[in-house]
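These are the structures in question, set out in turn.
One chain, subunit A, links the two complexes that follow: it is found with subunit B in the first and with subunit C in the second.
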Partner chain A sequence: MLTEVFTLRQAEKEARLRDELVELVAHHRRNCPPYDQILAALGAEREPATLADLPWLPVRLFKTRKLASVPDDQVIRVLTSSGTTGDVSRIHLDREAAATQSRMLARTLGTVLGPRRLPMVVVDRSGVVGDRRSYSARGAGALGMVNFGRDHLWLLDADDRPDVAALKDFLARHGDAPFLIFGFTFMVWRYLYEVARDHGLDLSQGILVHSGGWKKLVDQAVDNAEFRRRLGADTGLTRIHNFYGMVEQIGTVFLEGPDGGSLYCPDFADVIIRDPVTWQEAPVGRPGLIEVISNLPTSYPGNVLLTEDLGVVHGVDDGHWPGKRFGVLGRLPRAEARGCSDTYPGGR
Partner chain B sequence: MELQRLRTVFRTALELPEDAEVESLEYRGIERWDSLAHMSLVAAIEDDFGVMLDTDEVIDLSSFDRARQILEKHGVVLTD
Partner chain C sequence: MTVRMRFPAGPELPIDEVLPPDGETPLAVGDERIVDFLTLVARRLLAPALARRHPELGSLGFFLRRRELLRAVERLHGALDPQDLAFPRGTVFHIPPANVDTIFVYSWALSALAGNVNVVRVSPRSAAAAETILEVLNDSLAEADPVVARTQRMITYGHDDEVTARLSAACDVRVVWGGDRAVNAVRRHRLAPAARDLTFPDRTSFAALSVAGWAAASPSARQEAVVNFVNDAYWFDQAACSSPRAVFLVGDARRAEAVQTEFVALLGVAARDRGWEVDAAMAVEKRVGVYGLAADGGVTRMAFPDNLVATLDLATPAAAPREWLGTGTFGFVPVAELAGLVSFVRRQDQTLTHFGFEAEELRELARQLGGRGIDRIVPFGAALRFAPIWDGYDLFREFVRLVTVEA
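== the complex of A and B ==
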């Protein structure tokens, strides 16, 4: 499998990223006064020796503060994402940042999809992207993916019912060569897996890219391993790639490798798992909060973010691709998350 | 092939008036050319000129001029 972005072993990646990130932090401090004030208040003045020393922002800060490193007249897109609380992150992109994020997302997913746009099934309804002015987070996710496909089939009708006849028709036309399937994890399970199983459909040429978490599947006792096992056994679908990413670091996705079960970091990004009590980096195998690091954000200070998700590093330089591989375990319980935000764990 | 044909494809896909100036357009430079319209534009270019664009080209197709260059790469030379 050819890849342009899953190439660096951990030591080399950390050395490169550390230098790039020191530059980026300085750039954002010069160009985003609120960010500079936050870092000054945290006392983050010492030169970071390693990636783990970089000052981080809690991801929810983008919900309460306008943080941009470019003047308003250069902003061409403001991305928003609704959180569970109803607060909305606002992410400001200039032309360059917008172009870079699409290009790097394409390189990342291109690793498993190849350069050609494949016939594509979107496990959603076309209406989810219909209203230009108010995309939902779901719509924005689907819209970000459609570039990777052609001859799109939107699987669900206006009432969120899967169109089985249209799916059969799609498979008759495209089902004997690689095709792309995209959807949110629980929707893939509910609307594609169950339908394909019940109708005996063959998805063995499909490449599934999915995201969105397992919370809604917990009731059915479906985790990543079970998801992969059942899709493979009942529909023939084995090329399955979960990914983890967020609007606050748009363009950066952590992608499940062909070996299944672990998410890998592209060369321009990394994760650090932090003990939620001491904030120290957790060793391999010990769960903690996920900090995401990426060199993509240039128009807003989103390079080093502490998420409210729990994760665990599975291994380093020991998987299908080099670097860290990790898993996401779910959200930090709400009350604890509020505690984190209040005590404000950023910086040194 | 005539460049006029590409102008027409742009106007139709982006739902612009028949006499709209398209040569200076840039992706996201106008409200009508958003990511949704972009997919219509790509599909229209592929249908009209009988080409298949790769993912990189779809992302790179950020202006009328880029569209012209990408078509040229596919052997479709457009002249006035």
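== the complex of A and C ==
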């Protein structure tokens, strides 16, 4: 598998990224006054010696403050993510940042998809993209991915029922050469896996790219290993790539390797697992909060972000691709306070 | 449209059967039968086993002691002219906050003492202490006069606007706790023209520490002050309306920094010793809150020595946070004198806890504030101690109506 973006061993990556990020931090400090105020208050005046020393922002800050490093008139897109509590991240992209993110996403996924657009099955309904009313992570995810395919089949009808006849028809036309399947993890399981198994469909030429987490599959005792095993055994689908990414670092995805089970960091990105008590970097094998690092964000200070996801590093320079391998373990619960306020959510 | 009867405990009841039938109010102000009942409740709340399990019920028990109740009644009568007579207002509908377990009892008890028929909405989300209180109330009922069960009702219902609307239309006073959102939501339901609201909107609170007073205090007095401050701050995750959000270091600015350093060090130790914890989710919440405040400017330095304590050095009093930033997050700012707070204070500000000041300095501050904000100036450790005068209201007085008879 040829790759342009999974090439650097950890030490070399860290050295390169550190230098680039020191520059980027300085750039954002010059151009984003709120970011500069935060770093000044942190006393972040010494140059960070390592990636782990870089000052991070909590990712939710993009929901509570406007943080942009370009003037408003240069912003061509404001990406939003809907949160569970209704507050929304707002990510400001200028022309250059928008172009860079889509180019680097293409290179990352190109590693597993190859250079050409493949026929594509989207495990969703076509309405999910255009429907502004229910604009969601699902819609945004599908929208970002459809460009990587052609001859799209939207697997679900308007009532979220899989269209088995259309899938059979798609496989008859495209099923004997590589094709792309995209969907959210739990939807792939519920709508594609079960249907393909029950109808004896052959997905062995498929390349599945999926994301979204395992929470909705926990009660069925399906984790990543079981997901891969059953899809392989029952449908022949073995080229399966989970990925982890977020709108606050658009264009950067951490991609499951061909070996399965671990997410890899592209050359322009990295993760650090932090112990949530000491805030120090956790050693391999010890779970903590995931900090994501990427050199892509230039129009907003999103290069170093502390997520609210828990993860663990599986190994370094010891997998299919060089660099860190890690897994996502789940989400930190949202903090709740007691207190006098807000007791009557009735009558919204 | 039914509600769950929590007191007197019973089955689901249609809303129309919750209120006693119209007619004369059967209770008087300071009614002996209510005083007896509250006294019984107080005794049970002060039982050592219970107080150990729920220390906050101990302070409630003290509040409900016979002597305290009679004093409140005497104080009311003492303030009246001879030609004025006090009577219950009628029916009082209480909507207390879900996450401060004991407020509903304070609010209800004063209104019951005033002789009113009461309906209290106990949140379905209420916590263990609330359940314990309801048990105590129900257990005390056997020895009480039957009029108590007939006139005092505590109910639980979900977010049923119809129930709220019905009770709002039927009451003479509606008591709404729970902050701006709760008040605005409840206000959409009309009251009868003669009825009135008693509202408890969002409030914020601060602490004032005298630099000179600190210097004069013995090490043990300092320690005690910090322990009291920790109780004020951490008990309700620093989210209670009277929990201090920032500390004003009042006095010589050159000596303030050393005072702050010592205070923060003692604070971390005291919070840990008292067993308070801040989990990972709350630690992240604090970062979101504090970084956000820093992004707005006005924070010259922020420090996170550990997850329990975060400190923010503020450029000016005006930068002091009024929003909740997460448990154990404290702004610090030096001010030359208490009068320096006057221009900063707003109506929203409720409690100023203090350490190291003379009584006259504090009264002078209150005079300068002129009631434009800060309703309570109380020592460290008293922030959460409920008092019959709250948010600027004399609650007991609000629960009675006056009739004038001139011969």
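Definition applied: the second predicted complex is superposed on the first by the 330 of 348 C-alpha atoms of A that agree within 3 Å, B and C clash if a C-alpha of one lies under 4 Å from a C-alpha of the other, contacts with A are read in each partner's own complex, and residues count from 1 in each chain.
What we mean here is this: a contact is a pair of C-beta atoms (placed from the backbone, for glycine too) under 8 Å apart; a residue touches a chain by one contact, two chains touch by 3 or more.
Keep in mind that what you see is a predicted model, and the values were worked out from it rather than measured.
In the superposition on chain A, A:Tyr35 contacts subunit C only, with no contact to subunit B.
Of the two partner chains, subunit B is the only one that A:Ala98 touches; subunit C does not reach it. Once chain A of one complex is fitted onto chain A of the other, the partner contacts of A:Trp321 are absent, as it touches neither subunit B nor subunit C.
When both complexes are overlaid on chain A, the residue A:Arg117 reaches subunit B alone and has no touch with subunit C. Annotation for subunit A, partner touching more residues between subunit B and subunit C: C. Of the two partner chains placed around the shared chain by superposition, subunit C is the only one that A:Arg60 touches, whereas subunit B remains out of contact.
Applying the stated touch rule to the two superposed structures, the subunit B and subunit C interfaces on subunit A have no residue in common. Across the complex, subunit C is touched by residues 34-35, 37-38, 40-43, 57-58, 60-61, 64-65, 67, 276-277, 279, 289, 306, 308, 332-335, 337-347 of subunit A. Contact residues of subunit A toward subunit B in the complex are 76-77, 95, 98-99, 102-103, 106, 110, 113, 115-117, 129, 132, 143-144, 146-148, 150, 152. Taken together, the subunit C residues at the contact with subunit A in this complex read 95-100, 103, 123, 125, 127, 159-161, 164, 177-182, 185-186, 188, 200, 202-203, 236-243, 279-285, 287-288, 291-292, 294-297, 299-302, 304, 306-307, 312, 324, 326-327. Only residues 28, 31, 34-36, 38-39, 43, 46, 52-56, 58-59, 62 of subunit B touch subunit A when the two sit together in their complex.
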